[in-house]
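What follows is a pair of complexes built around chain A, which joins chain B in one and chain C in the other.
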Partner chain A sequence: MDPYEIEFIGENRIVSIIPNFSYDKIYLICGEFGPFRAGLPMNVPLWLAVMLKQKQKCRLVPPDWMDLDVLENIKEEEKRSRFFTKMPNEHYMVEAKLILGAASEDIPRAAEIKTIIKDIWDIRMSKLRTSMDALMKSGGSYGRLDHLTMMEINSVKPLLPAAMDELYRIKMMTRKSTPATLNTSTFSQSGSSQNI
Partner chain B sequence: MSTEDLDLSADEEEITAETVLKTLQSAWQNERLAPEILPHRNDMVECMLGQIQHMERNINKLPKTDLRACIHKMELNRIKYIICNYLKTRLNKIEKYCISIVNEERQRTESGTNYLTPSEFRYAQEYLVNMENHLKNTVLNHVPGRMQTFEHNKMAVYPNLQSHVFLKANSTVNGIVLEDMIGDQDEEIDLEEDSQHILQYKPIADLVKNGKVQLV
Partner chain C sequence: MTNYLSISDILVTNEKVPCKFLHDLPKMGFLDPSAADDDLKAGTNVEIPLWLAESLFSRRPPLVGVDLPKIYKETYREILNADACTVDMHKLGQHFYELGCYIAKHDIKGEVATTLINTFQQRFRMILSASVSTDSISSFQPLSASERDRTAAAMITEAALSGWLKRGDCPLTTANMVANHRKRKRAEMEML
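Then we have the complex of A and B:
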């Protein structure tokens, strides 16, 4: 999938805004939101928050985790742990990008927050590269990837599954050259789809 | 299909538009990421299209500059995107794996477990006929007689079910058997709820179809 589609999915997350207008409840297909009361915080999907912000109809409330101390802890934890740590939410990168992009003036110390989120992303990506390398070298056809967010998974998408597919093909090839086995029929099937 | 339909109509009142949208979104995501074509969710698509029409009629009653109209329109556009992309993805697969899908679908229709909607099936068959005619007109009719037959089986393209996919388990599933190609040592793994994995599509194909796992 394209990164913008992951972003599209991430836009369904609920965030908090403070509207500067008052309105009744609105009944959307994805749920009901409101009533809007000027100055009172309320929850809406991220796409709606960004839209209202662009129309200058609201202020965004930074999510709990979008705080320097919290993020500093996450970063330290991520550095210390051999494994991936659990992120504050499944779409932290999308949320950060959209909120900081559309409403950086609503977020205290936005520039520093941006940097630290980028740091966390970099640490995780380098971990991901290392574990992919290890997985390929061990000739694995299976891996467990808890706590990786969708955007992170998607960033390795053409590469990792394709490499594992190739590895599988090579394994089948070596197997095929040894005396015929029951499994060769499945190979010719996958092979034919590759060729055309 | 018939029993599923009955179940659906029985508790139709209880299904909210929100649930339909969630189901549709996960069907879209699975369809995008699975190598083969998945059972259709036409019930959900039809239901959502009905909702959209209903909503659009209401929006038209609002003044154009009304903020609510803008919000509703934006939401409808998002939903339409999901539906269009979902249907297009299916059509792409139908075109790509046309012969194999038509063959398999014929068997599935007999047992009543069809994956395609009637219109998709018609599209697949017409596509196949058109492709065959085209190839005959451009090439086969101009080569010596005994080479003129159009061999379906040799032309068939199959989805690579051995390709690797990422998934997230919606509920715990134990005892997935992963075949080991070299050592003949099959490995068994458990998918705990909410855990994420990368593995071959084939052993988990049924779990995608019955909603136990979500492709990511």
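Then we have the complex of A and C:
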């Protein structure tokens, strides 16, 4: 899948805005939103928020997790843990990119937040790569994808599943023809799993 | 892979394997370029395509004994089991895994199967680093045909992702201090 498609999916997340205009309810495929009252916070999908922001029609309320202390904690946790930690948001990268791109003046300390989110992303990506390699080496037959976001899963997509398919195919094709007396334990550790 | 019309499978079955003929075959001397006779004598060693070898082998009684191509032999197996990443598969076996699957049943000891799996697991790291490498030519070089395909696919994803990250009003970037941090550099080195 293309990253832009994931961005599109992520754009449906609900965020808070404070509009500076009044308007009736609007009816969208994803639900009804409004009525808009100037100065009163309300929830809209991210794509609508970004659009209104670009037209200078609202102010974005930063999401709870887009806070330096919270992110600092997440980063420390991510560094400490061998496994992936739970992210505050399934589409944290998409949301951060769009919100910080369109409305960085609404977010306190936007530059620092930008940097720390990128750090978290880098830590997770390098962890993802090392665990992919470890998974293949150990010969585990499946990987657990707990707490990985859609964007991260997508980044390993043609490679990891294809490689695991291929490995399985080699195992199946060669096993059929080898005699049963063969020591099979060296290449079938199907029980072992890897946290990836 | 074993699809009848699969091009790569056709290419794989066209690879030559060394065979030993077990019977005298009249009028088949042309198979052996060095033979003077019209007839093929029992005991001649000839390299024939895998598809031919397979069908001659599956006759009852089998007409040929299939030998292992050199990359699957003991010496190379030892190299591969020691460190598969040092081997230039592009030179030694373009279709190493695919051909290996066919060949494995002619290996009495059954060690080819283990070597194939070991090699695949070890060389996965090469695909991984080749897909993010900026020096793509030298990291691409030692990969076999199927590994190259897989690397190319991974590179497309990688490029799409970094393109997405860079685009927009405010690309998210790593802080200089963090990028230059020694620990992080080491972590990246260890990864590759």
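The working rule: the second predicted complex is superposed on the first by the 176 of 196 C-alpha atoms of A that agree within 3 Å, B and C clash if a C-alpha of one lies under 4 Å from a C-alpha of the other, contacts with A are read in each partner's own complex, and residues count from 1 in each chain.
Here, a residue touches a chain if its C-beta (ideal position, glycine included) is under 8 Å from a C-beta of that chain, and two chains touch if they have at least 3 such contacts.
Computed from a predicted model, the values in this text were never measured in an experiment.
Student: Figure out whether A:S22 sits in contact with chain B (first) or chain C (second), or with both, or with neither.
Tutor: neither
Student: For A:K137, is the partner it touches chain B (first), chain C (second), both, or none of the two (neither)?
Tutor: The answer is second: A:K137 touches chain C but not chain B.
Student: Touch check for A:R129: first (chain B), second (chain C), both, or neither?
Tutor: The second partner, chain C, only.
Student: A:N73 contacts which: chain B (first), chain C (second), both, neither?
Tutor: Neither partner.
Student: Between chain B (first) and chain C (second), which does A:S81 come into contact with in this model arrangement: first, second, both, or neither?
Tutor: neither
Student: Touch test for A:R175: chain B only (first), chain C only (second), both, or neither?
Tutor: Touch partners of A:R175: chain B and chain C.
Student: Based on the superposed arrangement, let me know which partner A:T115 touches: chain B (first), chain C (second), both, or neither?
Tutor: In the superposed model, A:T115 contacts chain C only, not chain B.
Student: Now for A:I9: first (chain B), second (chain C), both, or neither, which partner does it touch?
Tutor: First partner only.
Student: Per the definitions at the top, what is the overlap between the chain A residues touching chain B and those touching chain C?
Tutor: 157, 171, 174-175, 186
Student: How about chain B: which of its residues touch chain A in the complex?
Tutor: It comes out as residues 17-18, 21, 25, 29, 32-33, 48, 51, 55, 67-68, 70-72, 74-76, 78-79, 81, 156-166, 178-179, 181-182, 187, 189, 195-200, 216.
Student: Across the complex, what residues on chain A touch chain B?
Tutor: Checking each residue of chain A against chain B gives 1, 5, 8-9, 11-12, 21, 23, 26, 28-31, 47-48, 51, 55, 57, 141-148, 150, 153, 157, 160-161, 164-165, 168, 171-172, 174-175, 183, 186, 189-190, 192-194, 196.
Student: Going by the contact rule at the top, pick out the chain A residues touching chain C in the complex.
Tutor: Residues 2-4, 7, 93, 96-97, 100-102, 104, 114-115, 117-119, 121-122, 126, 129-130, 132-133, 136-137, 139, 151, 154-159, 162-163, 166-167, 169-171, 173-175, 177-179, 182, 186-187 of chain A touch chain C in their complex.
Student: Under the stated contact criterion, what part of chain C meets chain A in this complex?
Tutor: On the chain C side, the touching residues are 1-2, 97, 100-101, 104-105, 110, 112-114, 116-118, 120-122, 124-125, 127-128, 131, 146, 150, 153-154, 156-158, 160-161, 163-165, 168-170, 172-175, 178, 184, 187-188, 190-191.
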